């Protein structure tokens, strides 16, 4: 595993949803790389396309959504071209998913033990005993020392925090190369949120797993992500190291986002972002942020900005910012 | 034990239900025009003799005494003596009960198996032609009442195509020792394949007629519940684990989807049992349905009352069984 | 979406036309039937319909007593529709009233009524109706009574749960706030909102009531033996089905058509009136 080589390369991913009112472009040309052991945050408001992008990496886009173009290269192989049988050896083992709501993401009528051990037994062919040992260790790692009782329980019998730990354990059970965490802390309280984040950081460092951390919470992303990609209306508008995003944000949307977040050291009035959420069926030509941008110019309407390296390791999709 | 109290509560409710039913059965026939004693005797018999007959049947006792006798008899499993058949009413009923039970169970089994198969096919081919055909067929199967299906089958398979027998439980020429009085079971126990084949072919049409409505409901319920479940987050989790699709569908999704189907079967049981009466009439099936028709005509009160109680008992027992099966499958329900 | 609407109204239209046709036939049977339904022609018994026998005198053939099946089928609409309308109407009346009471007023009364419904439902419907007829005697009115007594629970249950829902809705709470009496609220706010549901239930109830009439007449417990009814025709036709199945088949088809029409009507109305209840297509 070459430290600097890319585990995941997403190129020009486009995902469309046909609706009765037209084609909804949920993801409209997204490209990024993820190295081994790196944590990349995919940040944006609801509807920005981050969850759908995450799903596409496992080729699990919910119907009627369709991946219309692009490539998802995992260790050099395009996932999108794989057949179902080959896909199944990727899912769970090379790439794993943690969803937002641990209650709805666990099957209510099966015990926890069935839902944790199933990958190990069905896909890796381990025996019950072997799987059990692995699972017991795993649960200890996520902070559940007494696994025996827990495994016999049903999802509704656990607290929200325990359930999320179980989901994390499930995701890491086959030591995947990449974990897609889709808003993993949104459904839990703030204190548990921090615990979960710390837990994920710990496991990530120990196992050298890459994480695609999807969230709408920029501050949360900063606690775990090495890099952050800011998404808006299905496109990436800014991509850089976390430090740089916070210290020197370039794209007007990123800057507006940071202004909208309450900071203890700058207690002035919050500055919400004006304007309406983008209409993904009827995107404007040119820059999709144009209607809400405080610094737009007429040229922004005509030309669609591509993601360019404006400073070393700092990519921005903005006409004006390129010139600066 | 939480589960224990649930069980007791349900049993108590069941017993109370039975009491209610027994009372209704009792009351119904005490307000009847049509004196059983008179029906049993030839015209021209003297009034005093009829009165004596009535007294011997217990019909001239005051009503509340009759009621108390009836209820206390029930608790000792004594349903009284049949006016006509000179035997304890319970024995008369029990002799014919296996025939009805065989019919009802066969219908439930056929309905569940076929309903589930067609439901699964509908889900796998949702939106396509086979699904649309299945849904329309379900609608028709559900709308047309069971006894009309019974008649239709007699006409088509018995009259037009002459494929299947439409009368009785078994070919009268075959001799089978009545052990359990369940023809199919007896044939298997005595390793009599001719009898087995005959009993099965005789059972087919009546139980299918009874089953059609239930097949349709099971199909519809399973289809809609499975389609909903397949969109759930936990199914996405299972897919993201790379589990095989057949496992996700038939084990993970199915267990969730089966729950509403089980509930609906419980609801429909009483309709299946009710429909069996006329089906027995159409197919000359010697069960308690035909017995009830005969007994009502003859005002054979003990038998009629007993049959009403037995029918309710069957319904209640099957409902309890379905309820318990449900609590076993759904871990969220452990108490009433 | 649009095709769904058209389909919905096509269902309604066709079913309603069929229902209307049956009603008209039933009402005008004495005028349009070629023969008296009880008139027997012994020498012409067991005749099949005209397309098989070529005999145009008896359009749909004759039964075992030589009675004209076509005329009898026309007349058979009368008892069926009578029970269908009267039975469904009064079952609705009782069921809806009890449903509203148990839903709107105190919870205790509601629980008691629902217990009653549960016990009622565990009674074997068919056996019970047979017993009722035995008690009351044969006759259409009693058949209607049997329908009402047995099936009011269908309305009660559904109406109760719907009223429980409606009770918490804003317009009811608003009416309460301005001091409207319970009865007024029921009349002005709840009943109008129940109407779509009731229409659907009524059509289904009609189809069930007709089934009951046919069933009881089939068992000899419905109409008087002198009156023609589809049920008794089917029973009679079954006695000779091996020689000619038309005797049973014709009335069977007549029943099936009206029952299917009523069910399609209910289904179409349900789709049209409440988008929440749209069947998955």
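Chains: A, B and C, in written order; residue numbering restarts at 1 for each.
Keep in mind that, in the parts below, a contact is a pair of C-beta atoms (placed from the backbone, for glycine too) under 8 Å apart; a residue touches a chain by one contact, two chains touch by 3 or more.
All values reported here derive from a predicted model rather than from experimental measurement.
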Query = Does the chain-touch network form a line, ring, star, complete graph or other?
reply = line
Query = Taking contacts as defined above, which has more of them, A-B or B-C?
reply = B-C
Query = What chain is the most remote from chain B, judged by the mean position of CA atoms in each chain?
reply = A
Ask   = Which chain wins if you rank chains by how close their C-alpha centre is to the centre of all protein C-alpha atoms?
value = B
Task = Could you grab the centroid distance between chain A and chain B? Build each centroid from C-alpha atoms only and quote it in angstrom.
result = 55
Cα-centroid distance, chain B relative to chain C, in whole angstrom = 23
Query = Taking the complex as given, what residues does chain C use to touch chain B?
reply = 118-119, 121-128, 130-132, 134-135, 137, 207-208, 211, 214-215, 218-219, 234, 238, 241-242, 245, 248-249, 252, 255-256, 259-260, 263, 267, 279-281
Request  = Could you please specify the touching residues of chain B with respect to chain A in the complex?
outcome  = 231-245, 247, 252, 255-256, 259, 329-332
Ask   = Which of the residues in chain A end up touching chain B in this complex?
value = 58, 60, 62, 84, 87-93, 95-97, 99, 101, 104-111, 115, 118-119, 122-123, 154, 156, 167, 170
Task = Spell out the residues on chain B that touch chain C in their complex, using ranges where they run on.
result = 17, 20-21, 24, 28-29, 31-34, 127, 135, 139-140, 142-145, 147-148, 151-152, 154-155, 158-160, 223-224, 227, 270-271, 273-275, 277-278, 281-282, 289, 292-293, 296-297, 299, 304, 307-308, 311-312, 315-316, 319
